[in-house]
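Each structure below is given as structure tokens.
Look for subunit A in each of the two complexes below; its partner is subunit B in the first and subunit C in the second.
Now for the complex of A and B:
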């Protein structure tokens, strides 16, 4: 194990960087972080569009969400890989391709989390806000979302953890993220697959576990003031 | 101030409101009562367009409020509405509940809104609870904050939708006392309630509804002593003898 880390440790962490493109665990981290940062606002927008009083917005977005949810991520990756170049006219890199696939896929799932979170509040809060003369958007911003986002946190974390693991599908289009690198290491070493893949699994565990602990720490901090109780 | 002209509403084929004709004068205190499902809450909610209507007209100070193109937010900003379930915003303190709309709507500066909110909380007897969150308040206190929040709109008209029905009995009095105070100050007020003692004492007029129709309109004295319509007689008999084994 020691020898394995000495020889391949740096390669596992950053790929061929700085002599080649960034890869390995660092690339996985970067891809996950960007996917989360872009998918969350997309999911929020899609989720609110699903609840919009305007049909012209609600119907196409609902159709999109249903389509994506009924599709395996692997296929979305293929679409991004083969479909995007046909659509845009130029061949995007593997990283951008994977990022687009993840953002589209997770955006649809996050949209449903947002929708459930908002609907879970019940009609009374929206009615009370509207009865004060606030517009739909004002009511969303100052009354609905501050409460709903808090309720959504566990589901959001779940989805974020999934996103981290989903980056491993980049393997299929030759993106040199950490799973791809690990399998290359395994090919070169040949005799120690158990160690190599244990190492890989442990890396994912650390990332996902750290993220969920961080999220619950944030939630604890937020709950210092009462906010979730509904009137008797 | 408010005129209902042949107002009707259906849920599918079920008639919720049937040709309501009614005029409510400025400063009048009107209590609407009737059995559950009679349409009294629905009628109240058409006044600030929480419910739509399918026929007829509702005018407030001459303006047809259900006409297409009416600014519904501007309409609601001038009408106070108090819900049965309070519907306070649980993530905001009592004070913030009362400042949210005036500040968001740009009607008051933050400091003016704070000053007004403190005054209103004092008026409903909760100055000491300004920084409490709704979850830290009793039901009666929450409903009083909800009244203060509605008053923060400086509304010429207040609507109450069964304001005491979700309260424990010992808290009903404190909420009714606040509403009584508003009535004495000359505010126009429509209240859907089952509190007949309150209706008798405070109302200028009682409307009795059943099956989407106003069956009787009378002064409280007439209504409670000599109800005319058989349904009203039955209703009053039922609520007077709640434990009678009929």
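Now for the complex of A and C:
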């Protein structure tokens, strides 16, 4: 194991960088952070659209969110892999393909987090804001969202953990993220598959466990100090 | 243009249907193994002895914080190498892809289900346990006769939604070459040079089964609503 890490440690962490494209654990982190960041506005828009008073907006968006959530991520990745070139006219790289798939997929999941966050506030907040003369959108922006987003923070960190795990599917389309790099290392070493994949699992574990503990801590802190006590 | 007959008749249809059946089979077999394991892990997490609780927590955290794909790779490429030679040979003669997939799916699903079962049990007020114990029942007897029947109503809906996740997760078995739906869709794609039709078939199949599972959850919640104390 020691020998394995000495020989392949750098390759595992950053891929062929700086002599080639970035890969490995660094690419996994970059991809998941970027995917979550881009999925946030999409998830917010979809989540609010699902709560919209306008049926013409609510129904198609609800159908879209349900469809994506009822489909495996791998299916979305396949659609992106074969569909994007047909749509855009040129062959997109593995990174862009995976990024698009993750943004669409996470967007649908974040939409439900946003919806739960807003609904968790109770009706009174929206009714009070509307009674004060704010429009629906104004009430969302200055009354509902500042409170709901605070409640959503732990869920968002948990979604980041899920996203890190989801990036492993890049393996299937040959994206050189950490699972793909691990299988490359396994092919080169050939005699230590169990050690290589335990190493891979352990790396994911350290990353995701730390983040999920952080989410847990945030949730715990949030419960002890209710958001309503301090106006946002 | 779009030609549904490509996947609704002939050899391609047979491949896709075989894939769909194998996906369903993977999910069903996994469910049969994962449920008892999940109950066991949940009981460990609530056990009176601290080392047992710690063991249960370690299992849940170790499994849930690693992607299913990494589990699959380990159980397919890594674990068989650790076995003694004769056992290994017998394994490679059989359907090792499907066995590895079921092991990975079972361990993964059980970790999530254990947490759902545990939170269902914790929703039962602690006085129920105390009352059971003071009536002279042992820890396990109280769990079985007093806590479980009440916890079931709370636990079944999240367990059904874990089954939905399991159904979607079977698709990942494609990475180790199990001939399930996703694998067959990709096969048909490369054989026919048409991607839309096989993927539409696979997507609609995943959607229909997901819809069924979601419907089941809604029915259960209506039929057996949670009772409040």
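Just so we're on the same page, the second predicted complex is superposed on the first by the 211 of 232 C-alpha atoms of A that agree within 3 Å, B and C clash if a C-alpha of one lies under 4 Å from a C-alpha of the other, contacts with A are read in each partner's own complex, and residues count from 1 in each chain.
One rule holds in what follows: contacts are C-beta pairs under 8 Å (C-beta built on N, C-alpha and C of every residue); 3 or more make two chains touch, one makes a residue touch a chain.
Every value quoted in this text rests on a predicted model; they were computed, and no experiment measured them.
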{"item": "Which of subunit B and subunit C A:19 touches, first, second, both or neither", "value": "neither"}
{"item": "Which of subunit B and subunit C A:138 touches, first, second, both or neither", "value": "first"}
{"item": "Which superposed partner A:128 touches (first subunit B, second subunit C, both, neither)", "value": "first"}
{"item": "Which superposed partner A:198 touches (first subunit B, second subunit C, both, neither)", "value": "second"}
{"item": "Of subunit B and subunit C, the chain that contacts the larger number of subunit A residues", "value": "C"}
{"item": "First (subunit B), second (subunit C), both or neither touched by A:71", "value": "second"}
{"item": "Residue ranges of subunit C touching subunit A (in the complex, touch as defined)", "value": "61-62, 64-71, 73-74, 77-79, 81-82, 164, 168-172, 174-175, 182, 185-186, 189, 195, 199, 202-203, 206-207, 210-211, 214"}
{"item": "Complex contact set, residues of subunit B against subunit A", "value": "48, 50, 73-79, 81, 83, 85-91, 100-101, 104-105, 133-136, 139, 142, 149-150, 153, 166"}
{"item": "Of all residues in subunit A, those that touch subunit C in their complex", "value": "67, 70-75, 78-79, 82-83, 161, 164-166, 168-169, 171-172, 179, 182-183, 186, 193-198, 200-201, 204-205, 207-209, 212"}
{"item": "Contact footprint of subunit B on subunit A as seen in their complex", "value": "124-125, 127-135, 138, 142-143, 146-147, 150, 225-232"}
